[in-house]
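Below, chain A partners chain B and then partners chain C, in two separate complexes.
== the complex of A and B ==
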């Protein structure tokens, strides 16, 4: 009725409807996320699809035969060399994430509970190693662990060993040491954040109910910071499985990991389909391992109650 | 207010606080406080924020230590005993319910360590849940509880430990008014039933008056008065105490006669009055301050007379439903008197500007230290 008086009702309606559409929360959300989403789609999803597609094809010298085959997966899963490399990668990344979390937790705990006014300063200090390139940091471990390195000369100076040990560098332990150091900050930060969220009154309540410092930590602080521990473990574990710079520089013959083999297939060996099959296999196994880690930590948490 | 029955209360002391001071640098959060809390008593520490009441409670619990002075609980000195080995349990202001545990696990938290045999733990948890009317909610998660229920869980979790003293840090401040009043009654009833000494910290004077056997009123780290709710309200020893607990009309007076226990004073509005001398009273030259509560002044209707009365003029009227506040100017008094009158005789209809007479009982006029 009133619309007729005001004139041109259809135009008014559409404009109103368009405004309502633009102001609705889902539309605004999609608009905000779309640039990132498109970026991720082009640079993440498409390459993965290309890799998955390749893994079902066959390389014939310079050309690629696009008939579907599972041969690459058979090689990736049954050839002892790849199986060993995969096992070693998983072992290294699991050990690294376990060590990193174990070493990072006390640091995060200290900053969160005893950092006082200097919390930001402590966090800032932790980022300092990142001011130099990752390569430089790996190289410095070479200087420390090498035949004439800092550690060997130190131990010899103290008379603990007579001649330089070759057991320090060019093996999987060297890879583990280097990676544990390199990823420390990535574990400290999520654990710190989850510890910050633990209500200090809860610790007081536990104390009030008779728990000493260790008990209240195990029964309240630790379970409540479990989300941070889980993310720290995953943040370290997932990328380290696929690391190839570190094993290449400090791993020697015994420290080679699956990523080095993948790199070789895409590079020198020029067998993209096999490289792709190895990549996809690794991805699937990492996914399973990450899922298992979450489940195990949750189960431990439930048992501890 | 009716007197509460005092079933379990004895004269034996449960908490002895002797000359306790807590300093943070130059600032004294608590300044030379001494206090005795009796066994089975519902005791309140009342005061505005920053008066040191929470500091004192936390020192009894063991979360903080006195800079000097001593605290003993149940005859045992608490110095050097950590919070987890004290015979006290606390209900925190934020309730501090463990979010990763359900109601039952929360209540059983402190019992787990005791390793009770043969279903004793389960029995005690159920008993505690029944005491706070939470039977059947044992499996709920802390996140699924209302504010009032969380408060009850916190209460049950502390009571299940059977402490000598239960400490309550503003336990009702997060609840809405109606629930708060209901919980005041319940808390008092619970305390009577379990017979444990309760020490409550609150800034709400009505809460303290309604629940406590005795109250300590604190200001600026010092204890101003320790007495029963009735005495605190009717015979406040200082202006500050009087002002903090409800309204009070202050009247300047001149001292005519002073001996050990009483004062005779001259006032402009009320004439010559003899009154008890409070312990803290310090003579301020020849002057003194008297106080009378607004509800102790009654409007005299028509030709009614009283033995003691003052005449004045209504200058303001404020309606509050069941009562009306009248502001009455009295010739000679520097500040007008505030009068609270119930509305059953029509106090809400007295027009502003009316000349009225007020009756009072000289007993209701109390002398106070400034």
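== the complex of A and C ==
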């Protein structure tokens, strides 16, 4: 291992043995992970390839015509209904990820810098509601925001409003509120992890060199926690774009998102290729949006320094 | 006293943190409240206490079938994904090889992909392969989404696992099986049980994949989804939802306690995500 031991005959043998070990180690590691890897290949990679293939085909009643065509993409990108749904889904997921990150940052900061020995208790408290069924959490928002719901009846009981407001449920704001609540824990954890990695002596140094608390936060802590902010934003943005349950339960007519249209193509409308093209388009656009988010946050981070 | 002073040092941040946690819990708390309310619509003021909605639950055959299906799917998915998770987590934490992080990333990918797209692509492949949709296909789907969680729990249990303990045991004359049973297993058992509980909970609560991949058999979330169409059934759904919430809460608390014990045994700190 060190230069001093190299060259002496008995140790050269050990080195040879170690080389043999090194050669077999990758094999052993790969062999061990292969069942899980193959499972993911068959049930994740292969299916996604099949979806991509379908998106270039055409549905003829019950059979699928396998001649290459871009027609599905033309429909997905130009038909007003799909274009509107795509835009709305992107708008909702962008708003939700922005909101969750903004709301989550102070909490993550509080736990990391002021949590003391209760850090893990706080994290546990925050993750518990997230482990409950997603469907049930969306359902409880429906109970809260409904016409005869908790919020309306509560506000009426307090004499703040005279009759139930219909503005609460069945629109995109209801979808945004519900999703922001549902994904909160996902945003807090990555930010917390990156704040934990911030070297506290750097913050002290900034303070010693005359930066006030706000300046040292903006110039030291915030830029250093940028990786956490990036992963929090992406971990919320990518799945919410394709959310199905929330728009279906609380979105109403004005809150329908692209996932509902995708589901319809695989269900009632029975146009698999179009559904596949909508899925691929959604994934591509969300990837672009995620990339743009990363670039913007990095640029801001550089400016802050 | 010390705790109070520490919270004061956080100042308004502490207040914000408490409000935020309240915001996280508030919606969930309405389910149990209205599940014991006599009125059929969930609104204030509360009309009176009743366990009537709970008493009706065991008298609904469709619900009992769904519960049984959920149990079968949950147990199978938990066992399979934990087995696959053990192999992968052991490989990731113990060996170094080319492509390791790519493979790891691929296995973790279902965590960040939109569930509808994962579900639909699996549906397409299963139909192409001529698999008829059943609880079996639901298990296949659930295993895929459970593996990332299983991996996270197990990796934190396996990391920092001191290999020299196994070597010492072997040197002292223990057989390979004996070493596994008396050294390796006691060290990793809490992490494995924790992974089983986490995966079971995820499968129990999972809706989208079950919704797309099941044939005629419903799991509990699918049953709830079906009931949501009928306003009159809402209190029953709230009661069932409350029971599911309590089950998830208990399972996850036990899982977290076990995971921490596992992490402490292998001298490794961190939470489910850290």
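To be clear about the criterion, the second predicted complex is superposed on the first by the 270 of 305 C-alpha atoms of A that agree within 3 Å, B and C clash if a C-alpha of one lies under 4 Å from a C-alpha of the other, contacts with A are read in each partner's own complex, and residues count from 1 in each chain.
Heads up, the rule we're going with is that a residue touches a chain if its C-beta (ideal position, glycine included) is under 8 Å from a C-beta of that chain, and two chains touch if they have at least 3 such contacts.
On a predicted model such as this, the values are computed, not experimentally measured, just so you know.
When both complexes are overlaid on chain A, chain B and chain C end up sitting side by side without clashing. Between chain B and chain C, C contacts the larger number of chain A residues. By the touch criterion stated above, A:252 is placed in contact with neither chain B nor chain C. When the shared chain is aligned, no partner comes close enough to touch A:227: not chain B, not chain C. Between chain B and chain C, the minimal CA-CA distance in the chain A superposition rounds to 11 Å. The touching residues of chain C, counted against chain A in their complex, run 3, 6-7, 9-10, 13-14, 16-17, 20-21, 23-25, 27-28, 30-31, 34, 41-45, 84-85, 87-88, 90-92, 94-100, 103, 106-107, 109-110, 112-118, 120-125, 128, 140-141, 143-144, 147, 201, 204-205, 207-208, 212, 221, 224-225, 228, 237-238, 241, 244-245, 248-249, 252-253, 256, 260, 271-274. Those residues of chain B whose C-beta lies close enough to touch chain A in the complex are 61, 63, 82-85, 88-90, 92, 94, 96, 98-101, 105, 109-110, 113-114, 157-158, 161.
The touching residues of chain A, counted against chain B in their complex, run 199, 201-202, 204-212, 215-216, 219-220, 223-224, 301, 305. Against chain C, in their complex, chain A makes its touches with residues 25-30, 32-33, 35-37, 39-41, 43-48, 50-51, 54, 103, 106-107, 109-111, 113-114, 116, 118, 120, 122-129, 131-137, 139-141, 143-144, 146, 148-150, 152-154, 157, 181, 184-185, 189-190, 192-193, 196, 234-235, 238-245, 249, 259, 262-263, 266, 272, 275-276, 279, 282-283, 286.
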